[in-house]
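Multiple structures follow.
In the two assemblies presented below, chain A is common to both, partnered first by chain B and then by chain C.
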Partner chain A sequence: MKEYAYFPGCSLEKMASSYHQSAMETTKKLGIKLKELEDWNCCGATTYFYIDELLAYTLCARNLAIAEKTGLDVVAPCSACYKNMYFTAAHLKKDPDLAEHVNFALEEDGLHFNGNVNIKHLIEVFASDISTEEIQSKVSHPLKGIRVAPYYGCQIVRPQKEKENVEQPQFFENILSAIGATPVNYPLKMRCCGGSLIISSRTAALSMVRNLLQCAVDSQASVIATACPMCQVNLEVYQQQVNLEFGTNFSFPVMYFTQLIGLAFGINPKKLGIGKEFVSFAPSLLPVLQE
Partner chain B sequence: MEKKEKIGVYVCHCGTNIAGVVNVAEVSKWAGENLKDLGVVISRDYKFMCSSLGQELIQKDIKEQGLTRVVVAACSPHLHEPTFRTACKGAGLNPYLCELVSIREQDSWVHTDKVAATEKAKAIIAGGVSRVVHNEPLTPLMVPIHPATLIVGGGIAGIQAALEIADAGTPVYLVEREPSIGGHMAQFDKTFPTLDCSACILTPKMVQVGNHPNITLMTYSVVEKVDGYVGNFVATIRKHARGIKEADCTGCGICWEKCPKKVMDNVFEAGMGNRKAVYVPFPQAVPKYPVIDRVNCTYYIKGTCKACEKFCPTNAIDFAQEDEVLNVQVGNIILATGYDIFDARRMTQYGYGRLANVYTSLEFERMSNAAGPTGGNIVMRDGKTIPKVVGIVHCVGSRDKNYNEYCSAICCMQSLKFAHLVHERTGAEVYNFYIDIRTPAKGYEEFYHRLLDEGTHFIRGKVAEISDAVRLPGEEGKLIMQVEDTLTGNQLRVPVDMAILSVGLEPRADSKALAKTFGISCSADGWFIERHPKLDPVATMTEGVYIAGCVQGPKDIPASVVQGAAAAARIMGKIQQKEISLEPIRATVNADTCSGCRICNNMCPFNAITFHEDTMVSEVNPALCQGCGTCVAACPAGAISGTGFSNIQILSQIDGLLLLTLDKKKEAALA
Partner chain C sequence: MTDTITFGQEISNLLYASEGEPLRTCIQCGTCSGTCPVAGYMDHTPRQIIAMINQNMKEQVLESNTFWYCASCYYCTVRCPQEINITELMYALKRYSIWKNHYQEGLIGPTFSEAFVKMIVSGGRSFEPILAPSYIFSFSLREFIQEISGATELMLKGRLPILPARIKHLDSFRRMIGRIIPMGGLK
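And then the complex of A and B:
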């Protein structure tokens, strides 16, 4: 049984509890154990790094130090948590002076970060640690004929880490194909959802959300799949405001990829947090839900 | 005990190049006084040692003072070593008893502290003087030159070189990998800036090559191995089996007419059109004989068909034909193997291969060619819609740190040509997206102005993305080119019907292997390195191997022709001399101390070392050896020594370099 140290992050506690539930259910089905980090704290989210970089690194490094003790790879389901943790680890490894400062602070807590931990996004676990065949073997209710827009968002692949394809990755599409769905050509799949701009510059962010929704409609998708609670909220919850602002008429379901996988695995929709959404999945997923 | 040498030291001012930093008068005086023990009998400084007057100064001293050794402190030996050695020879001194030490490239040009630079010049001269004492008189090796020349690559550069040499009356073997000569130029429609038809100016030359009595044309062939050395190379050439008996074939074309198998032509048609399994790449192919593509031919796959054989009026089809391997002896070699185009799929943001109406420049060349897959009609992938707006992206894969940093030199002019052709044939609106417009040759800038007058839009900015995600009214069904116009500072979304990527030039995918076969070197980019970037652009560091055309770096047709002709001229000069003098700087193996370990055998970059199984010792072939010294350093038994670079010469030079330091220490100790 594969085991990972699991860093849920603040969103998955409440707002994105359906992501948490579906992540747990689907990984369990695949024989993977997500073991929640003990006494974890916020990753610093999108703002802290611009306010005090050193403290933000320290905040992140605390989680990394706790994870390092477990000897397991850390998995973060949220793209922002993942990005913050990945680059904190990378910077601390590259910059011994920064590491010294951070570790000096961590000592207060009896912790030390050596740089020996791998950080993964939850979707990476499905994309590379588990084979397509393993996923396919668990599919009991293939999502036949369901056209899904694979929405990567900006933080899973960027900034570029090594030589991976940051312009046109295909791993999300491959996962969707494995569960029988039809991934559509979604040209804006790598574009930003607006992130926390929705708070500081609402009109600009709403315009970004509108573009993403319009593109999904144009791609003839029936649902957008995401791998990040921030993207999910921006795309789903702000649809009303987009409609008010731009005179559009969007009512487009936005699901976590784990919810789609869960449905294909035949897991009870309730266990996947389905039913808590603002825009119902039911019309687009009717054929699967009925089974 | 050796006799006392009489050494003359000559310090050059090189105008202010050296004298501006190094106090040459002081250096010269110092050498005359302080290096007496080493044998210096005269020391002078002069404004330009390389001038006739400077050389005469040395010659006069050799004759009058009876100098037995000369040290010139001036520029790098790369520049003037031959000058001063020839001067010494003129005065009756063996040229190898003259040593040139560099106090310019290695001193005055790289230092600003005048006092320290002057001290360094003294040290360098002391090193040269200490070394020259141990120099031995050497005689250059003379080897005969075989009059034949091997040219690899039948593009325009290779064709030009072949014709020049063959016209001069000496034999040429022209080897081409594809079934026909012509290269990339044969694929083009028009050539910039004059817009003359590419085929019209190329095919007469191809025909000349095909008919020339002095040219042995070997197409569908590759050079597998090269042995030997300048004047005496032996090249092993594999002629792939065409499946056609050339003696019987008339090139009538019935075989490819009757062949039922259509194959996507990814080479000549750049994937834009089909050919048959038995084919000539294009109607004016030279030679006219077709080739059976065994990978795709139904007979080779299923064992039946033979339609071509059935219909061939002269029974020229030979399915059982085998590759032919032959050895040819040549004196010189020209590599003119050209370039590959940058794979536009690597820049995924431009959508090539994903978005149907994104084209590469080579695809567009084929499309605009009257003999091409669309008959010269500029249409979208559906084969009929004429584009109303076309965007051309410059510098795709070039001038980009993520791909190739260099400028591919031809793309600006090529893009301007495309813009003109699109405008002329479709009346479409054309956008050129450029970083900088580079039109630095005769008639090029005028062509650019012509395009400006034609109303082509020029937007200065690197295209960020080509996308099919439409947003604004009027964008439906279009490709959106997202770009920052850096002249106005505005972000633009330009909707177009067709995008053309002006892809850069890259070294051939197998260029490194080719360089190894011929014993020459590639730059980090993979282009072959010339002997001197300005003054010897077609020779390589390997004697007898020349380069021409894009194999040396991106260039256009005129520049490739110039290089082909230049390489030919260099070789004809060598052939005229009948024999060639080789630098006697060579490695030799002492057979008594050689342990036969063979470590040196594989290290030699020039394949100059052979191992004698009978005597169990290695031997250096002096004509092949380039005197690089690799084996000398590698020999664990110390059995190899390099002429002109013996241990005693090197160690004495080091002693000399340290002389000043030692003197200072002595002084300090005494004080």
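And then the complex of A and C:
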């Protein structure tokens, strides 16, 4: 059984509990164990960096140090947590001076970070660590005929880490194809949803959500698949506000990619947290569920 | 010889691991502004802000809403032909303007982010309801009502926490933070 240290992040505790549930269920089916990190703290999203850089790195490094003790690779399902952890580890590895400062603070908590930990986004586990064949072998209810918009958003793919494709990645599409769905050509798949602006610059953020929803409608998708709790909440929960702000009439389902995989694996929808959404996607999925 | 440093140098000093003045290498091609999903809402586009910093237009830069409207999506950063980390620059400007307590009036960003950090310092994890007072009163009545009704629906769907989550080792966690930032007044 493959095992990972799991950093759920604050959103998955409640707001995005369906992402947590579906992540657990689908990985279990694939023989993967996600072991939650002991006493983790908030990664800070974008906010710590607005206030103090050293504080931001220290708070992320605390989680990294706890993870390092497990000797496992760390998995984060939230794109913001992932980006923060990935780059904190990278900076600390190549900058001994920064690492010394951060470790001086970590001492107070009985921790030390040596720089020996790999950080992965949950979707990377499905895209790289598990083969397409393994995924296919668990599919009992292929999502035949379901047109899905693969929404990457920002921080899974950006900033660039090594030489990976940051303009037209395909790994999300490949996962959707593996479960029998039809990934549509979604031109705005890499555009930001405005998650970090929804409170502070509301109108700007709502207009970004509107553009993404309109693009999904134009792509004739029946659901948007996301891999980030910020994107899901922004695109789904704020739809009513977009409608009020711009006089539109969106009612578009937005699901976690793990929920789609779970359905294709024949897992009970309730176990995938389905039923907590504002816009139900059940109508378009009925044919699959009835099979 | 004078040893006063320019605004441009000050900002460059705030860019993590930067050497020299990366903003000086900007060729003003506008790829950042063309890529930015929020440029239409900014007082100045990212390209203009860089030009203004290079001209040491400190007042105008700090009074601009531009960096507070950056969504931190890194699209400009991956496309910049000069490999300037523009997102990092926007973060640096936010920090600088908070330190100097000098930013455009009426912005929610500065107070919201300070409230967020205080929340983490006191509990270790995010708890959305505690943040509401830092922004909700800046909203118009219509926005206020929309925000409340959205929160109510989240609550009904079981998606909002009622009690704040806290980490277990809070004492040592806060001593750790105390080695980074002064904790006076934060109890």
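FYI, the second predicted complex is superposed on the first by the 290 of 291 C-alpha atoms of A that agree within 3 Å, B and C clash if a C-alpha of one lies under 4 Å from a C-alpha of the other, contacts with A are read in each partner's own complex, and residues count from 1 in each chain.
By our rule, contacts are C-beta pairs under 8 Å (C-beta built on N, C-alpha and C of every residue); 3 or more make two chains touch, one makes a residue touch a chain.
Bear in mind that the values here come from a model prediction, so they are computed numbers and not experimental data.
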With both complexes overlaid on chain A, does A:N114 touch chain B (first), chain C (second), both or neither? neither
Should A:Q155 be classified as contacting the first partner (chain B), the second (chain C), both, or neither? second
Could you look at A:Q220 and tell me whether it touches chain B, chain C, both or neither (first, second, both, neither)? neither
Between chain B (first) and chain C (second), which does A:S200 come into contact with in this model arrangement: first, second, both, or neither? second
Partner touching more residues of chain A, chain B vs chain C, is chain C
One more residue to check, A:S131. First (chain B), second (chain C), both or neither? neither
So, A:N268: does it touch chain B (first), chain C (second), both, or neither? neither
Output check: A:S280 vs chain B and chain C. Expected answer is one of first, second, both, neither. What do you get? neither
Please write out, lowest number first, the residues of chain A touched by both chain B and chain C across the two complexes. 167, 211
What does chain A use to touch chain B in their complex? 165, 167-168, 185, 187-188, 211, 214-215, 218
Enumerate the contact residues on chain A facing chain C in the complex. 10-11, 13-17, 39-42, 44-55, 58-59, 62, 91, 95, 104-110, 154-155, 158-160, 166-167, 190-192, 194-197, 199-205, 207-208, 211, 237-238, 240-241, 244, 276-278
Using the touch definition from the top, list the residues of chain B that touch chain A in their complex. 347-349, 354, 467-471
Residue ranges of chain C in contact with chain A within the complex: 16-17, 37-38, 40-41, 68-69, 71-75, 77-78, 85, 87, 91, 94-95, 98, 107-110, 112-114, 116-117, 120, 124-128, 131, 135, 139, 142-143, 146, 149-150, 153-154, 157-161, 165, 167-169, 172-173, 175-181
